[in-house]
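Here come two complexes built around subunit A, the first alongside subunit B, the second alongside subunit C.
What follows is the complex of A and B.
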């Protein structure tokens, strides 16, 4: 359709004269200090003296890079068939979580809240929980309700177990309805801790109710199956990639927690609250599987402990398999757990991706990088960098523990390309800004939240991890496995080439690279 | 802070400043609910761009909310920083007041803002932190306004949070400063948050009529300008009732007349500008405004012609918060779009009355949330388009319903005469995009006829 009106976009409109004038006018009462002072302060914020002061900061968090436990719990709940995430506490948190996930996946995120108010603060949240369960079951007809708490319910010390059994006694919900619950206060841990607690609770609840006795590797029709966990996984494409790899092996498997359906559902003309997810009946049967393979470590600790302890199963866990070495380890692990040979298809694919990496390596070699993200993603990215000759310099992990720090440092120490790296746990993006400015790098990897610090420091940002709010569809493209490595490589090398073009001044504006 | 007493809230009917309205509707447990009071308070105050906004609580409230609002700034951006005390287990047991004090000191020392707003959250309210005392002490010591905002999430809805933020402004900010020179004809805009730069369009219009914008409360505001808001001649409450109490109280205290208006749609815009001039009681100004609005409206009619042709008779379902529930209806009507369903869950009685004034009898009111409820209305009423906020957007996409985003994540400014043009353009684009044909027709192999000759 022909555009009848010339309506300038956002950026251009506000650069036109009347708006520029308005802005100038406003300066009169803006800041009490002069432009020079402002410039000086800005310059000071870029010195190493300031960096040291910034790192001495203890009480305050500036620009956090973590979300809280119930957000992770919500994601875990949506990994199961017809499951309604129910968040017990005051309502605001739930709205935040839904927006957060919607903005990342560009999909609806169903979840309900028990909407506690000050009555709850005084008398406890039992009636809210019971009424909430009754209402939500009537409205959304779930087959399972997964209850997690916010800090409010935790501070007043609500007893979920008792409340839920009271709800059953009162007939608000039936005996048959499974209602796993997890305590997920946001003043401890982060979204990955919440993911873990909820996943464990769902698995153990469904297992207990079923009456099945775990006999690994011997169950009827399930004995030769593999359990696969992807964890707090911001990429729906990673599920698809894993499916592809497992199909190449021709092995049977059960995903324990698969939210890819809910966060990547087709537009059919009819919205349903529930898409895909692990079948509830498959969960207890998973106790009889051959073993459990997990593609995250730090975000499923308790779940893995449970599976080892209660199901007496062999478990293999690794952080995000990004890069050739890490994917090789994944493929080996599947082969070992299932006893199946490594499929030719994957060997070919590996060869092609190795070829691609050799094609691009001249542009990657020696590129200094900064990385921000969840622990498992970071381990994968560090490996990828080291493998391609990029040099990780700054690594910031807000929600990493000492175990992660040790592993990351060991990994870095084993390669000459890791010699300059420092790993920071518990720090935030304002720390990262100081690092980027004080000791510049060529490329940064992280979520959309890093874009401000990256812009301040003049470093290109490769968007990877969670959350990515300002780019579309990235979550559909896997970053794990051979294919995922190729995707990541493509983004990285083309970002570098684009920057070369943007910076070139004519004589070096090359056609072939 | 003072513990919140239930009777206080009930008797004061949702915010201490608007005693006559009915309480904000309480959310029902077990539904997909909207934001909390903390969220509402933040929305109101975050657009004060040069101030620091510190969230006192665990990471949830800050970690999930920072940097996610589309309120634009023309200069300072300190307000976009996510400051949080990030309380952990030990703080919950031993108290977070020391951490709060240290955080305030750090911000004052490192960022030198003109003021710091400190937000209570569910947790700090529940463990009984004396935020007011810490803020007061810090204010005195640092010589800098440190303002407690007592709107923890559990006290109620987002709307209530807006009002509590208004209370904080009245109590701590308005009336504490004086403009350098006297402004004879200044207007405050209350409840305009500069989403997608809308305030700038409004400001441009006001300026062309010679009206001075005294204080922005709070879109693209600077802290200082709000301190002298009491010197304005007129208060305009832009849409909704979130900050109506603030205007009422200013009328009482400072004798500033106020009116409620909107800038969505040409009629509303003209009305609002006229009303400003009228309340300023300045003949010359009234004449200028008349000339401006006549000229703009005439031009708009021309420009809108091609769009009206396409939009005439189209039906829309509107689902948005109190802010735009009724005012957008006028804008849509001017474009020839009929509103066949409208959300009322966040609207007050007055809002509903205004909605009723503007829509026909057979318009369906959607009192409660839930995507399926909205979709049902779209289907039942055979609506052509859905106009709502981000959380419902993706549901519309699943149902292949053309959609435009009207809430805070959008990047399009719809206020004023030019805004109406933009709205017309967006509606047309959304309705006519070829993807809808593709999405709603079956794949070739599902059609009865073979798709091509064999």
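What follows is the complex of A and C.
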């Protein structure tokens, strides 16, 4: 349908003359800085003197690349069948977590709050938790309620174990309903810490309740199989990719935490609160598996410790397998854990992706990159850059620890392409802005939040990780495995080619590239 | 199912049966079906501004969201510290689309997340010392920042930090206003108290603090417009076109100077009454500035409001006001002629903020659409008193409805469109109910004023009449039924 009425939206409307005049007129009341002052301050913000001051700041945090613990706990909770995330504390937090996840996945993120207010601060949140459990179970009929805390509940020291046990005694919930809980203070760690705490709590709670005695490798209940953990995973497509790889091996497996159903549900005309997720009965049986393979390690540390310590199971953990070498390691690990041979179809797929890399490598080679993200994603991206001939230069990880820094540095040191790289942990995107301006790169990789610094520095941004708010559907496409590597390669090379076209002055607007 | 009073009463009762008794009794008080008595009563109102029930999936936010997210955050030349742990600032970062002119990070700090990122040690030992350092570092990193606000998060209030003392000390040391705002999320029952607290801070720290070089008879303020998608700009242009001079715009694209000179205006125009009524009543008391609530959604209400505003001025303004209306009327007629036939009779359900449900009503009516159920997340008694007369008998009115209640209602009423926020959006997409985010204008806008109505009308049409809604249910062998696809 042709739009005969010219309806300019905000991008066009405010560039029209009346609005430009309005903007100028308004300045008379703003007491603004002069154009010169602003230009000077902008120029100053791009100097190395400014960069040094930026890196010297001790307490101020500007544009950090991390969220808080209960958001991760919410994601972990939605990885299990018919599980209602219940966040104990002030209600605004829950609204924020739900919005944040909805903006990334473009999907509903159901969760309830115990809605504590001032009286909760004084008297504690027990009655809120008990009433909240009763109400939420009546309304949303979950088969498990996963309780995490906000800073408010943590600061006043609410005792979740006692409160939940009182809720059972009062009959607000039945004895049969599993209610794992995790302390997830927002003033420690980040969303990945919260993910880990809740995942561990869910696994250990369901295991304890079952009465099963772990006998690794016995396969009791479901046959010999593998446990697979994806961790704080912003890509539903990565679950699908892992399913595909495991299906090629023809091995049985249990995902410990699978939120892909909840964040990638079909539109059918009906809405259900719960889609997919790991079956609750499969969790204790996972104690009898051959071993556990984890595709993240920094976001599931406590969970892996639990599995090793309590289930006495072999664990193999790696960070996001992005690129050929890292995916080879993933495939080898599955083969070793299960004793199954590597399927021919994966070898073929590998060959096709390598073929694609050989086709594109001239455009990638020597491209200097800047990377921002969660620790596990960054390890994957570094591997990808190094093996495609790109040179990582700036790596910023707001929620990385020394372990991550050491691993990243070792990885970089092992390749001539990593020679220029510096790894910054605990730093933020305002630091990254200085890095990008002071020592320019060709491409940046990171979440939507990096778009401001990337724009200031004039660097194209490849959106990868969490959160991606301003592009659609990226999370549906895997970035791990051979296929994920191909997806990422396609985005990267075509971004470079698009920029070549955008920058061409005419004679070099080439037809064939 | 539409505006049948008895049938709607029965429907609400059935929906509420799902609750345990205590919660049901409470929720019953938050529903009403509009009737003649309520419309004429004047002071009648549903139970509102009460605590949400725990465990029910309320749509509400918190006091911090009201203060930082709504009132203070859009003031562009100040740095707003989300004081406490990292999350609150991260989640409210850039999400309300408060457009502002200026260079981000240089003389405009709106779309930034500045936080004290509390760690355990800050909880144990208090964050006051750290806050001092942060203020100094802000001055270093952002030399053109004209002020700082400290938006306290839950732990700050609980551990007893003295942010007022730090602010006072640092304001002297740094020579810029530093404003403590006690908007901890656990205060009050919703965002609403955060608005009030934020307004009180404006009153105490900035109101009346600066002078305007030259005042004039046509000086006015725009209060309570957050410039979402550029709303305030599309409003301001009309006011200026009719000869008025807008000396302050609160708070979308606002500046600290505008907050401090606003007391020199001859009239306050308030759009979002819920979030800033405290300011206009204060200025009326302190400075004798009259105020007028206006509504720039849809051409009918916009013209009504423009005339009501002009009526407070001389013939010169009144004449120019008519000229403005005359100028835009053909454009509006063309928009209505195009979109009304496509939208006439469509049933809408709304749940937006503390006032927009009432304000947007006129815009829907201009397009021939019918609001069959509406209410507010965090409104007060006065909002409902003003709402009843705007709605026909039989309209369902709800206060702080839960996700469950809204979903049940939307399905039973078989509405053609739901207008609410991002948490709700994708639920309705699954249900096949056309949905529009009426907090952020679904990343579109502006919706205010005449320019805004064009976009509003286009957006409602694209929402309701998209062929995608017809694709939800597969036909034989997975093929799509043609009539549903609108092909």
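Throughout what follows, the second predicted complex is superposed on the first by the 504 of 513 C-alpha atoms of A that agree within 3 Å, B and C clash if a C-alpha of one lies under 4 Å from a C-alpha of the other, contacts with A are read in each partner's own complex, and residues count from 1 in each chain.
As a convention for this text, a residue touches a chain if its C-beta (ideal position, glycine included) is under 8 Å from a C-beta of that chain, and two chains touch if they have at least 3 such contacts.
From a predicted model like this one, the values you see are computed outputs, not experimental measurements.
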Once the two structures are overlaid on subunit A, check if subunit B and subunit C clash or fit side by side. clash
Does the superposition put A:26 against subunit B (first), subunit C (second), both, or neither? both
Now for A:103: first (subunit B), second (subunit C), both, or neither, which partner does it touch? both
Which of the two partners, first being subunit B and second being subunit C, lies in contact with A:187: first, second, both, or neither? both
Examine A:111 and indicate which partner it touches, taking first as subunit B and second as subunit C; both and neither are also allowed. both
For A:456 in the superposed arrangement: first (subunit B), second (subunit C), both or neither? second
Tell me which partner A:122 touches in the superposition: subunit B (first), subunit C (second), both or neither. first
Please indicate which partner A:269 is in contact with in the superposed arrangement: first for subunit B, second for subunit C, both, or neither. both
On subunit A, which stretch or stretches are contacted by subunit B in one complex as well as by subunit C in the other? 3-5, 7, 10, 13-14, 18-19, 22-23, 26, 29-33, 41, 53-54, 57-64, 66-68, 70-71, 86, 89-93, 95-100, 102-103, 106-118, 120-121, 128-129, 131-137, 139, 150-152, 155-156, 185-188, 190, 265, 267-271, 430, 449, 452
The subunit C residues in contact with subunit A across the complex are 18-20, 22-23, 51-65, 77, 84-88, 90-93, 95, 99, 101-107, 111-120, 122-123, 130, 133-134, 137-138, 140-141, 143-144, 146, 153-155, 157-159, 185-189, 191, 210, 212, 229-230, 233-234, 236-237, 240, 246-249, 253, 255-258, 261, 334-335, 338, 402-404, 407, 421-432, 444-446, 451, 454-455, 458, 472-473
Provide the residue numbers of subunit A that touch subunit B in the complex, in ascending order. 1, 3-5, 7, 10, 13-14, 18-19, 22-23, 26-33, 41, 53-54, 57-64, 66-68, 70-71, 86, 89-100, 102-103, 106-122, 128-129, 131-137, 139, 150-152, 155-156, 185-188, 190, 265, 267-271, 273, 430, 449, 452, 469
Which of the residues in subunit B end up touching subunit A in this complex? 4, 6, 9, 26-39, 50, 54, 57-68, 72, 74-76, 80-89, 91-92, 98-100, 102-103, 106-107, 110, 112, 114, 122-123, 125-127, 152-158, 179-180, 196-197, 200, 203-204, 207, 220, 222, 224-225, 303, 306-307, 370-372, 375, 390-395, 397-400, 409, 411-413, 418, 421-422, 425, 428-429, 432, 439-440
If you look only at subunit A, which of its residues touch subunit C in the complex? 3-5, 7, 9-10, 13-14, 18-19, 22-23, 25-26, 29-33, 37-38, 41-42, 44-45, 53-54, 57-64, 66-68, 70-71, 86, 89-93, 95-100, 102-103, 106-118, 120-121, 128-129, 131-140, 150-152, 155-156, 185-188, 190, 265-271, 430, 433, 449, 452, 456
